[in-house]
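First the structure, then my questions, so here it is.
The first chain written gets the first letter, and so on, giving A, B, C and D; residue counts start at 1 in each chain.
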Amino acid sequence: MINIGILGGTGYAGIEVVRLLTMHPEANIVRIVSQSFEGKKISEVYPNLKGICDIECSKLDIDDIAESCELVFTALPHGASKEVIPSLYEKGLKIIDLSGDFRYNDKDVYEKWYGMPHDCPELLEKSVYGLCELHRDEIPNYSLIGNPGCYTTCSILALAPLVKNNMIDNKSIIIDAKSGVTGAGRGLNLPNLFCECTETMKAYKVATHRHTSEIEQELSLIAGEDIMLSFTPHLAPMKRGIFATCYANLSKPVTQDEVISAFKKFYDGDKFIRVYESGTLPEIKHIAGSNYVGLGAVVDERLNRVVVVSCIDNLIKGAAGQAVQNMNLICGFDEDLGLKNTPMYL
Amino acid sequence: MINIGILGGTGYAGIEVVRLLTMHPEANIVRIVSQSFEGKKISEVYPNLKGICDIECSKLDIDDIAESCELVFTALPHGASKEVIPSLYEKGLKIIDLSGDFRYNDKDVYEKWYGMPHDCPELLEKSVYGLCELHRDEIPNYSLIGNPGCYTTCSILALAPLVKNNMIDNKSIIIDAKSGVTGAGRGLNLPNLFCECTETMKAYKVATHRHTSEIEQELSLIAGEDIMLSFTPHLAPMKRGIFATCYANLSKPVTQDEVISAFKKFYDGDKFIRVYESGTLPEIKHIAGSNYVGLGAVVDERLNRVVVVSCIDNLIKGAAGQAVQNMNLICGFDEDLGLKNTPMYL
Amino acid sequence: MINIGILGGTGYAGIEVVRLLTMHPEANIVRIVSQSFEGKKISEVYPNLKGICDIECSKLDIDDIAESCELVFTALPHGASKEVIPSLYEKGLKIIDLSGDFRYNDKDVYEKWYGMPHDCPELLEKSVYGLCELHRDEIPNYSLIGNPGCYTTCSILALAPLVKNNMIDNKSIIIDAKSGVTGAGRGLNLPNLFCECTETMKAYKVATHRHTSEIEQELSLIAGEDIMLSFTPHLAPMKRGIFATCYANLSKPVTQDEVISAFKKFYDGDKFIRVYESGTLPEIKHIAGSNYVGLGAVVDERLNRVVVVSCIDNLIKGAAGQAVQNMNLICGFDEDLGLKNTPMYL
Amino acid sequence: MINIGILGGTGYAGIEVVRLLTMHPEANIVRIVSQSFEGKKISEVYPNLKGICDIECSKLDIDDIAESCELVFTALPHGASKEVIPSLYEKGLKIIDLSGDFRYNDKDVYEKWYGMPHDCPELLEKSVYGLCELHRDEIPNYSLIGNPGCYTTCSILALAPLVKNNMIDNKSIIIDAKSGVTGAGRGLNLPNLFCECTETMKAYKVATHRHTSEIEQELSLIAGEDIMLSFTPHLAPMKRGIFATCYANLSKPVTQDEVISAFKKFYDGDKFIRVYESGTLPEIKHIAGSNYVGLGAVVDERLNRVVVVSCIDNLIKGAAGQAVQNMNLICGFDEDLGLKNTPMYL
């Protein structure tokens, strides 16, 4: 059992970390830090936890965290994360950060896309990008993990095998992604109201969403050359799930079966990756409530183009589940420990 | 590990049994019987199970079931259950039936409310009503369990403490219940289409719904007198959940705190019952995805009336979860084994 | 054409008044007052109005309103309405107030249920309760209309014929009402977020909701005696609609057909009332998007009880539509002018 | 007033034609033909019509239709339309067909994408493609209108100005479209059940959807060269609406403002087209419940690519509304007669 603290535990990502840890056999939650709900039991804020986790939310006290915890999840807004993480890191804690602050290899990219200076670039070098399927071997060597974004996880996993195998024209990549509303967080913003986002769809931050830079970073790394791509996020009237439809021109004549074989080979042994057989495609309900990733591909021979469809649960594989997967890796547990929940479908 | 068969495993209740069993440490699914999908992998019918449970659906073969299984869940329509259960029972199998066929002490009540003869009334006597919180002590003595209905579970648990403590006028009970659409099953019926049941609500089978008789049977048993009550089911645009609002006139002057204390005492030690503190009430999202029951009460002193609010996940505590709870009881496992999932909230 | 101002035009009730007036042949919107959006075009706040109504929101200026408008709709929070209405009334404007401030005959009832003093009780006497089906003859004599609440309209219309015909025990009335989320308004409150209110249901303000007092006032008036009743509001995951299930013990033996006949007679000639034939019941989708009211009744002979089911669109018949209906009455237009929209169903 | 018949009036497109015509000042519905509901009042099938349109559904009788009607809407499945339309055409009726049967200039294209022979190719030449904004001048010369598909309308209108102005590389077009569930019709298919399509998303018929051919036909016509493009339809958990996100590489350096100006110029005078200002984009709720089309564009200078976002109500501008618009054109009414409904937003 390891003692764990969650900072920002009352946002949607943070509370999903809490929920998953209540079902993890090696996790012992000892602190939940929340500015907004200090002094309240977490089970008053989220009554689903009643009788399961009744810890009182506390305010941030670095010394107390360092004494009581071995590992912390920081589910704070970007910017806030990098203010608190240096002191936690100094205390020797293992840290899994769910914000964008430690996802970058190059601080300039961060500063360009986030529009603010990165105050602790030296820590960027001491952190690893926690996309487990791509960086599984490096992750255990780090104690600071930049846990990937939701859109990012869904998109990179959809395209990595194609880039790796030089199957596509890297200049032609277009990602059209649709997210459930939990992705917008628990902030009191007008567009998040039920009546504003049910029975409608919208695109937002077209050509400017920050996750673009994360996707480009990782695919460029695989390609060995700079990749720039189109990424369009949409909001759909559902709670959970990301559905990414990814387009690229084929760089050589390959069949649908060859593409699917390449996916299977690339993800061979990956417990959470489900590559769909030719003729079938994943849907969000196939993976909702779980850490699984659904991947399917269609080759459009008429146009010499490939379409990859990718689905994750944004709160699990896109946030809290992947964070726990990273915890498992850096703590030496089985990678899927506490993450074996069968998806809900209904 | 016990070997288990699920009959009718591709309906919504049946597949939820399958899903829960994939996460149960003592369950080994060996047969899934489905007329409609014979020969298909269950993970083709419900792709959320891909790689988790890939058993091929088979047709009904009593001998095969008897040889391969120790326990069966029958999630067949009422009427169909009582045709197949006698032969299974004869073979010495443990049977948990999710239909209405074995929920009654009195075959006349069954025949009146179901409008068909009960072909095996002798088995009614050899079965027990599987509402675990009320019949926990008897259940392990039976190998045929009539697993309660969803509306029923939610309603009986809301009213049992009041009836038991003679707190209410038993002639004044009104239950106004709202169900998610999974309660209507997976049948291809026009009213179940997305466009027919989203953004609307309706009442149905007003004053005639079969679950009325189940609720009356159990509350009468507790009261020691015949109780008749109003029960109105409604369909609400959500997947899971039953929300029952129960009204009764107080038979004596009691305070809200006294009512809540009576609930706590009545359910003392029950792992799945959550009695809410005065001033708070359960919501479906507090228990969705779990076997928990949320119970809250308000005393309206102006009118000398009590309002009890009760919530369950209709597919879990209202069907598959309670069935697994019954399995745990008759197999000697911990009552909550494999049922400790934290509710979803999101 | 009459010149119209809408105060509080950017809340959900206010904007529905605006929307309906854009389709009303005698309405000329000249002012939309909004504190929050002063200086913005209404079509920027609600882009559905683009090119249809592009008026700039202005701040409140009583003199300007009095000069430019003949009639105003006030869709302000209760409390705020009664601060601004006296000066508007003094200027000789016709006023239709959508708040609770002018719905009461007795200021003590208002003060008890709203927990604040009523500053202008003298205006209460000069106002009329604008439930058109009950007060059609009086309404044209007034220039200040207290437009009824949404739950109220739905509940009173469901019970008025029964009370009028002495068919029920007035002490036994229970109203279990379910509302869409637009009823909660556009305020930035946590429970109104999509992820907080989709896929769930809850009851709130059990035994204490203010609309109880409005329902009691009107039914008492019909009964000629004081009626007290149970009213329980619920929130359901849909945008529009109120569904009220109303229970009462029959005071004399009447059949379902007699009850339905009584409804038809009571509402004879009422253009917006739809009494359902025996064996059929209204659903929200039957009236959504329109000013219609669906009413159906079931007599439970087993229990000597009647169940009335009532449906309205909370934003239309429960707010803006009824307000326009009142405008038609006090301006001498056809009662259904501009309100003939066929309900949506889909 | 013209006398109108609707064939296939009980499907979702057909009933929307009925609903719109009940609000059209020049329409007199005299026949509703429905195989499935012959002998039933349309208001029993769709109770929203109660008291508004109570016509009894009849079976198909060509002679009767010819005698009683001047104009018919055929909302039959493709294939069925072309069996009945020749006889109606021969009788001299005006016909607006909502199926795919008369949308093609080239029968080979139809036969390739629909996989069946076109039995009456001679009528193809006597019909016109009823996308009013593109073919307004020709439409009044025809009495047989091939009313466009929903995805098609949304996609063509998004791309026509770019193709017309040679702004894009016509080989690079990708359309990622999301539809509400009414688009799947009222058929009793498993994937249309509420519980199968709420809280999820999926792509379907990737690279093979028939509407691709319609989009290609019309854009090729504008381009004066053959265009082939990617079209991916998705199902989103909402009733109404199509949201198309369209991508293309710019063929020359143009700014976002220049693109938007080109749209404004192309659609100058079009009553139902709303071109959004730079920096704003349409959402489905901006046009839901109306015949409007929302169009917005973003130029991604980093990638030299344009993204056009297009929204319609699939049942109105994507089916019934456009059909009525065509009726207005061929009957000499104002193009927007009976179609001036303000969009719902809520």
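To be clear about the criterion, a residue touches a chain if its C-beta (ideal position, glycine included) is under 8 Å from a C-beta of that chain, and two chains touch if they have at least 3 such contacts.
As the structure is a prediction and not an experimental result, all values here were calculated from the model.
Q: Which listed pair, C-D, B-D or A-D, reproduces A-B with over half its contact pairs identical?
A: Duplicate interface of A-B: C-D.
Q: What is the chain whose Cα centroid lies farthest from the Cα centroid of subunit A?
A: C
Q: Just how far, in Å, is the C-alpha centre of subunit C from the one of subunit A?
A: Distance between chain centres: 46 Å.
Q: What is the distance, in whole Å, between the centres of subunit B and subunit C, each centre taken as the mean of its C-alpha atoms?
A: Centres of subunit B and subunit C (C-alpha means) sit 38 Å apart.
Q: At least two other chains touched by the same residue of subunit A: list those residues.
A: Counting only residues that touch two or more other chains, subunit A contributes 12, 182, 195-196, 198-199, 237-240, 283, 285, 288, 346.
Q: State the interface residues of subunit B toward subunit D in the complex, per the touch definition above.
A: Going by the criterion above, the answer is residues 12, 181-182, 186, 188-190, 192-199, 237-239.
Q: Within the complex, which stretch of subunit C touches subunit D?
A: Going through subunit C, the ones touching subunit D are 12, 15-16, 19, 22-23, 46-53, 182, 199, 239-240, 274, 280, 282-283, 285-290, 315, 340-346.
Q: Residues of subunit A touching subunit D in their complex?
A: Residues of subunit A touching subunit D: 172, 174, 176, 178, 180, 195-196, 198-204, 206-207, 228-230, 232, 234, 236-241, 243, 245, 247, 281, 283-285, 288, 298-300, 302-303, 305, 307, 309, 346.
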